[in-house]
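I've put the structures underneath this note.
There are two complexes below, and they share chain A, which is joined by chain B in the first and by chain C in the second.
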Partner chain A sequence: MRRPPPLGRWLVVALVTAGALVVFFPLFWMAVTSLKTPPELQRVPLRLEPDRWTNLDNYREVFARQPFGRFLFNSALVASVSALSSALVSSLAGYGFAKFHFPGRQLFFFAIVGILMVPFQSVVVPLYLWVSRFGLLDTYLGILAPDLVSVFGVFLMRQAIEVVPSDYIHAARIDGAGELAIFWRVILPTVRPAVATLVIIKFMWTWNELFWPLVVVNSPPMKVVTLGLVSFTNMYFIEYNLVTAAAVLSILPILSIFLLGQKWIVRAVVMSGLKG
Partner chain B sequence: MRRRTYLDRQRRAGLLFVLPALAYFSLVFLVPLVESVIASFYRTVPGGASRFVGLRLYEKVLTDSTFWQSVRNTLTLLAWSAPATIVLALIVALGLHRLVSLRWRSVWGAMYFLPFSVSLVAAALIWQWIYDPVYGLLNYLLSLVGIPPQKWLQSLDQVLPALAVTNIWVRLGFDTMVFLAGLQSIPGEYYEAAEIDGATRWQCLRRLTLPLLNPQILMLSILELIFNFKIFDQVYATTQGGPAGASQTVIMLLYDTAFKYFRLGEASVMAVFVFATLLAVTLVQWRFLRRPVEY
Partner chain C sequence: MRRLTWSHLTLPALILTLALIPGAPVAQTKKLVYWTHWEQNPDFNKWYAERGREFAKKTGYEVEVVTVPYQGYEAKYLAALIGKSGAPDFFNGIAHQWCGQYDFCDPMPADLARLWDESIPRYMVPIGKWKGVRYGTPIEHGNFQQMYLNADLFKKAGLNPDRPPKTLDEWLSAMKKLTSGDGASGVVGFAIRHKGHPVGITDKFLPFAHAFGARMLSPDLEKATGFANSAEMATALQFFVDLVQRDKVASLALGGPEDAFGQKRAAVIFRESWFFGWLRKNAPDVTFKVAALPCGKACPGAGALFPWTNLVYKNSPNKQVAWEFIRSISNAKDDLAQHESAGILPVWTANLESAYVKSRPDYASTQEMLKQPVPPTYFHPKSNELATAFGEAVVNALYGKGQPKPLLDEAAAKMDKILKD
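And now, the complex of A and B:
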């Protein structure tokens, strides 16, 4: 490919950079707002930077007004359980679909993929009634109920396990290993990157979820972090210094995970984008 | 004889491996979906009793102007956000693809991708602060060039475009990554061949790159359509459907109907409507995507 002329190349770099800064700016604006005092927010002309970069009063106030630590804990717990359980059940199913022949295999797989088409909001009312019938409203199990396995996960794991050479499995079988032992000792270790992808993505999805927790959670101690964020807006006058501080607290954990696991997330995106 | 028992064992093992997932999905999706359809034929009276009313609730919902207003709002929001997201993502991906240094490409790519990790609630609140009519950054910037303050999320006309900007901000990185992966999978020889034939850059883009990105464009159109059709979090966190129902989306209305007014039958009609619409869209998608890419 011909090298673009230097001027054109610099123009592309400049535009891409400008765009990246525009996209990044709202996050930066959130962070600096969380360090400002209410009078600073109302000052004209607007200043970009806070008076004091170490002003953490808003963060203290967030924890004083609401049990925000508890919210973070709830989200971490729910997201972890949902990520691990998805990884386990999806890998099991992915292995079954990739390496075994049994009657109904195609049908079952298409049925599962078909579930991707069912919007969660279409099943939320009956699901809510079931959860309330079992007395699970306002419990961790209730919040987790629809998030324990992901369809996307089954799809991802089948794809990953399909390319594992079947010879590995046969060899293990000849050595007398049981089917579960083969799954645990042979399959799982070889598809570790796919498992990591799934764990990260599912953790992120559950952490960021609003709709279902909103439906099943009533009492403040059971709130997850997205609900906690919303609770800072349920007033006539919104204190943005607090809202942004709470937003920073809710975003930081997921952002660090995101930055650490970015390689894997991009993989998942590319897969979902290309394979449908 | 021994071979058959081995096969039987294999069959059983395979079924047992997929069974947990199958059972779970049936319980959490299939059964409730059927229940949703059934519930849409029953009127639930406060107290728990329900009465079969046939298609009465469908008639009620489908002739309700509030419902159609919410459909219109949802489609308007979709029209504001989906095409803009895809076009911008394509431009950004083409730009990133031109960066020669892979290191910079991934660093800038990450910047565009960052908002994808932010919850929709947080994203909506960040933008609500930027849109604030009195102290917001946007009106301040406009005031510098002499434009009077706008009401943004509190205005009947501006609320949907304003929400669309939030959607674009959240989704841009995802779409860009998909396009970038598509661009990277196009063999460089195609461009060399085109160059030998004397094609200009513009011709390369129109005749080569865009047709080869067709699967990604279609895929993203569907994904954006589904994403925008199910819009809820952003609206709930900021406008709650207001002002005066101007940003009331279908899912927002479904939520209010079910969990604020407890009219479960009507909510089920909307649930069936959402499912049927997205199903139709997905089937159309399959028709298009089944066509292999012509290299």
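And now, the complex of A and C:
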């Protein structure tokens, strides 16, 4: 006869369920709010469910007021390029710092990591001037400029590559492989989880970026999704019905990525010690 | 071991190629670029582009409107105006900030400045000026608070909504009659602003301060001590605090005052002319009336802490054309058309008796407010920092974290330091 699960197990299940509900509820609230009309939002006592579950007027208005599909495309493009570029540059830099000995290696490394301590706001104006001088204002490359390289990525990849046994590299050299070949064929496959971590984190960071796109983007077709979201908050009031509809739309791609790459994301969170 | 093939590189290469394709360029040639953060008025903004098309027939210059999100607009303005490239030719901003704190504005041609001075209500004349020089064209009339009252709740409390309270004493007495709970259950008389940025708190408290004859800064805007902490100011703040703590006609349990009024949990709110549009959209079942603010020792009058104007960037290569465009729309007809399209009050005095303005629910109250003496203004380059220091004292007093006078003394000292720095 099977013994019933111990009480402790039930407790764990109950706690996890409660935790899941706490996490899920704001998302649910956002979704149902996006189906309500402004007067419904003002109703007292507040009702959880909308009058009409099929009311998609807010979504229609979001698309009518703004080219929101274009914003989603722009965000996806910018976040993808930034994630891939950061992964590539950071892996190369990390490989250099981890496996090559050259004068001032530690100094350079700490100088690069030290950039993490510089608030982005303090470099915005000089960065803007550069981007403007190169004629990149209001372009994809202008939005991407500060995100093509990731200092955090250099740090992460250096840590990951450092633990790769140097014997692999020596063996490859004996077999006649060049340094780039070693990087592509030996290092990258070995540190694939770290690369995946970096790609995912960088994608999410860039997706959520507001400040820099706000500074360099002028025309509506170049706006990213975060700029679309804040446009429903003006100096007097917040249009909650529209903000929530736009927010639902903006999390869909991230949600899809999560569902597709759940295994990697969990590993990424564990590896980097970062939380959502 | 797997080899890296071209197929592995195709996707990143494709994405990078797409990334390098430039987006729509910001055309500076033959185009006047206008920046505004007034996202709440898309039709108002669009109007510049429409008039720009007519302007282009004569000059070849069209107007491109860039709407910047309010959240973070100052950073964007600052980067562009310091950078001198990719900057607007003219923009919506506050004169004492962008022309005073920074030196980004081109002075308005004298004849145009004279035209504006002669064409707008008296309280608006200082708006758009810095040190007596006109830089900007005021674009928002009605940016002063008025009293919105829930007519049904007034009737229920035995009050006549067509005879709103005229003095602070009458007003307090009405608030007491209207209060039947703490807002969570029952209704409170007054929807008080007690959360959010301290500048907003200051903005909402100032009508009370002015009604008590107090002012936040000296007339030359050089001193806070003796003004921000004067006996009149302390009495005004005590009155404001008492609304919550002693008289209980306002509640800190309620969230935003606009929501409280829209949800019929508060019977009265002080808000600007934009509020009736919000009410009609968000709370269409609220029957409301708009009245002038009640007077105390003095009347609060029509005054604004956020005097929005259109300014011309002094480093713009197109600044003369920008002034010509502004000149072309500086007339009563365009003023009415633009403001009516957005459902907001026009600026020119000639339009204050127009059919459009007369049809608005705030027509009579606006007239009454304009008859009151002009209240003190605080158009100082550091007005945001000053209002923040002052607003913190008001919030602390509301939440019982100290007595009004010591809190105001502390705020005044802080404000003097800001003024000296």
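Quick note on the criterion: the second predicted complex is superposed on the first by the 223 of 276 C-alpha atoms of A that agree within 3 Å, B and C clash if a C-alpha of one lies under 4 Å from a C-alpha of the other, contacts with A are read in each partner's own complex, and residues count from 1 in each chain.
By our rule, contacts are C-beta pairs under 8 Å (C-beta built on N, C-alpha and C of every residue); 3 or more make two chains touch, one makes a residue touch a chain.
Being a predicted model, the structure only gives us computed values, none of them experimental.
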| item | value |
| --- | --- |
| Comparison of chain B and chain C by chain A residues contacted | B |
| First, second, both or neither for A:24, with chain B first and chain C second | first |
| Touched partner set for A:81, first chain B, second chain C, both or neither | second |
| Partner chain in contact with A:16 - chain B first, chain C second, else both or neither | first |
| Touching partner for A:41 - first (chain B), second (chain C), both, neither | both |
| Partner chain in contact with A:236 - chain B first, chain C second, else both or neither | second |
| Contacts of A:260 with chain B and chain C, given as first, second, both or neither | neither |
| Contacts of A:139 with chain B and chain C, given as first, second, both or neither | second |
| Contacts of A:89 with chain B and chain C, given as first, second, both or neither | first |
| Chain B versus chain C as contact partner of A:115, first or second or both or neither | first |
| Overlap of the chain B and chain C footprints on chain A, listed as residue numbers | 41-42, 44, 121, 124-125, 128-129, 210-211, 214-215, 230, 233 |
| For the chain C and chain A complex, residues of the former touching the latter | 1-4, 12, 15-16, 18-26, 33, 37-40, 42, 66-72, 75-76, 78-80, 82-83, 85-86, 258-259, 262-265, 274, 278, 281-285 |
| Residue ranges of chain A in contact with chain B within the complex | 1-2, 4, 9, 12-13, 15-17, 19-21, 23-24, 26-27, 29-30, 33, 41-42, 44-46, 89-90, 92-93, 95-97, 99-103, 105, 108, 111-112, 115, 117-119, 121-130, 145-146, 148-149, 151, 154, 179, 183, 204, 207-211, 214-215, 226, 229-230, 233, 238, 240, 243-244, 247, 250-251, 254-255, 257-259, 262, 265-266, 269-270, 273-274, 276 |
| Touch list for chain B against partner chain A, complex | 10-18, 20-22, 24-25, 28-33, 35-36, 39, 92, 95-96, 98-100, 108, 110-123, 125-130, 132, 135, 137, 140, 169, 172-174, 177-178, 181-182, 188, 191-192, 195, 215-216, 219-220, 223, 226, 230, 232-233, 236-238, 251, 254-255, 258-259, 264, 267-268, 271-272, 274-275, 278-279, 282, 285, 289 |
| Chain A to chain C touching residues, read off their complex | 38-39, 41-44, 65, 77-78, 80-81, 84-85, 88, 121, 124-125, 128-129, 132-133, 136-141, 144, 184-186, 189, 210-211, 214-215, 218-219, 221-222, 227, 230-231, 233-237 |
